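Each of the next two complexes has subunit A plus one other chain: subunit B in the first, subunit C in the second.
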Partner chain A sequence: MANTMTLISSVTVGADGASSIDFTSIPSTYTDLLLKVSVRSNNASVLDTLGINFNGSSANYTMRNLLNEGGTPASYTQTAYASQNATGYQSGATATASTFGNTELYFPNYAGSNNKSVSVDSVSENNASAGWLWLGADLWSQTAAINRITLLCAGGTNSFVQYSTAYLYGIKNS
Partner chain B sequence: MTRPTRIEIDCSTGVESIIELTDAEIAQMEADAQAAEARKAEEDAVRQAEADAKASAQAKLATLGLTPDEIAALTK
Partner chain C sequence: MAAGSTYTPIATTTLGSAQASYTFSSISGSYTDIILVINGTASATIHCQLQFNSDTNTNYSNTYLLGNGSNALSARDTSLTAMYLDTNGFTVDQSMGVWSIMNYANTTTYKTMVGRYSSSTRSAEAIVGLWRSTAAINSIKVLTTSSTLATGTTLTLYGIAAA
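Let's look at the complex of A and B:
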């Protein structure tokens, strides 16, 4: 059972926005990783999809999610973004001003030699009756230790807007 | 026009860098976007076909005399 949590690095996007947030040289000294993300994109919609990839790789990503799409339940095996995993929602440009989608990603045994799984809990924020929720199980079918995590606006040419944040924590069981 | 940038955080040093995307990175991002849009359209078409088939089946059950509650019980 993990019993310590240490902030490894954090970032706040500046006024120019950012097409991706890239944590590199992640130390392998922790048991698990926890990534807390609060982001909004300039996608011309009420929401956008958050993407993720590991170690700069663009292959071997699969996922399964349970969604509430503005009131409609759904479940998908996402294949639209094969070069990365779609891993949650974020608020888009037409969502209520200054709201940000929130996502928590947990990476157990990220430095081990088995394939890498990720648990996802995500919501896009908007001051309206309809909301979007996402619970996901991601898989990266690679045995390499994760030493780099890249967050993207999934499959698109959008950017994270100013004040989007990401906090990467290391979890240890001692 | 301002080139898109990415933020890189070196976790071993804590150094944060804002890096302009290269032409190749921009081209790759645009190619990914087009591919994702095409695949998303295919997935949406499959979902719509499934929804249409479900609605058609429910309508046929109704013509056989099943009540809405009975149809709902079958499709749970």
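Let's look at the complex of A and C:
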């Protein structure tokens, strides 16, 4: 049988940094998408939030998560950014050097005509006073096929630093 | 990535009508792990569960951790007649889950499931389950605790081979 997990595209951020990581012209020939992200931002903090939007749209995003930083776990519903979904953690500029936040996102039926749900597993660990874990349920309430995925930093105000990577895979059910 | 280690489709269905259960049968034992993906809605808030090899005895248990938007909580259930895939409910809003069943074809150990359920209106949830049987899994029944999964819901089973 054919293997169906296929690399569609990958991005490695260069020395100049990048304000976004953009996967465009995503083909609709797969059933699901799997996006693996390892990123760090220039935000002047130990931590930054990873943002995501689809097809360039700035509306119709909702999210619910479960998170913990080594203390009491908590849960929130999206309120931070109206124009994108908060979809995990990444290391910020004051995190331990060479640490990156890692996030895996699974998109079932991304090219279908239903609203688009996404499963998110995200961590940022830096061998210091805190580490962070985020389990997320994202929703884009649009029936359009996803043909573009854009990753952003904290509402679009910061940049990804060098060596940040993102790999987009396609998975077929036949 | 080694050849053979990627997602191989075993079976898939898109529900043509609302259904309270769906069974993947005659599952090959040729993979190392299997992954179940469900994406869909329900006519009311329901839970999805699994039964393996038509076993309806109290051989299943679960532990889960979830966030419902205001609280984080964890609990467990033992001696169940089916293994939960979610504990906060598929509903009328689009929900999804990805669950892995490890070493499903071995005949020595009990079988473990680990997975994630996601609904932006219900919860983000991590869940593990145990089936206390050493039988190789050759059928998987997805069933609901009440009501039905809606038309258009997709259920897909993938195989992951170590070599």
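Keep this in mind: the second predicted complex is superposed on the first by the 168 of 174 C-alpha atoms of A that agree within 3 Å, B and C clash if a C-alpha of one lies under 4 Å from a C-alpha of the other, contacts with A are read in each partner's own complex, and residues count from 1 in each chain.
Criterion: contacts are C-beta pairs under 8 Å (C-beta built on N, C-alpha and C of every residue); 3 or more make two chains touch, one makes a residue touch a chain.
The structure presented is a predicted model; accordingly, all values stated were derived computationally and were not measured.
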Fill in the blank from the handout: The chain contacting more residues of subunit A, comparing subunit B with subunit C, is C
Handout entry: Which of subunit B and subunit C A:Thr29 touches, first, second, both or neither
Key = neither
Practice task
Could you look at A:Asn127 and tell me whether it touches subunit B, subunit C, both or neither (first, second, both, neither)?
Solution key: neither
Exercise for the section: Go through the superposed model and pick first if A:Asn115 touches only subunit B, second if only subunit C, both, or neither. Expected result: second
Problem - First (subunit B), second (subunit C), both or neither touched by A:Thr62 - result: second
Handout entry: Partner chain(s) touched by A:Ile21 [first = subunit B, second = subunit C, both, neither]
Key = first
Fill in the blank from the handout: Intersected contact list for subunit A, partners subunit B and subunit C 76
Practice task
Note which residues of subunit B are touching subunit A in the complex, please.
Solution key: 2, 4-14, 16, 18, 21, 29-30, 32-33, 35-37, 39-40, 43
Practice task
Spell out the part of subunit C that touches subunit A in their complex, as residue ranges.
Solution key: 1, 3-9, 12, 37-41, 65-72, 93-98, 116-126, 152, 154, 156, 158-159
Practice task
Over in the complex, which subunit A residues touch subunit C? Could you list them?
Solution key: 1-6, 31-32, 62-68, 72-78, 106, 108-109, 114-121, 135-139, 171-174
Handout entry: Residues of subunit A defined as touching subunit B within the complex
Key = 8-11, 13-14, 16-27, 76, 79-83, 154-157, 159, 168
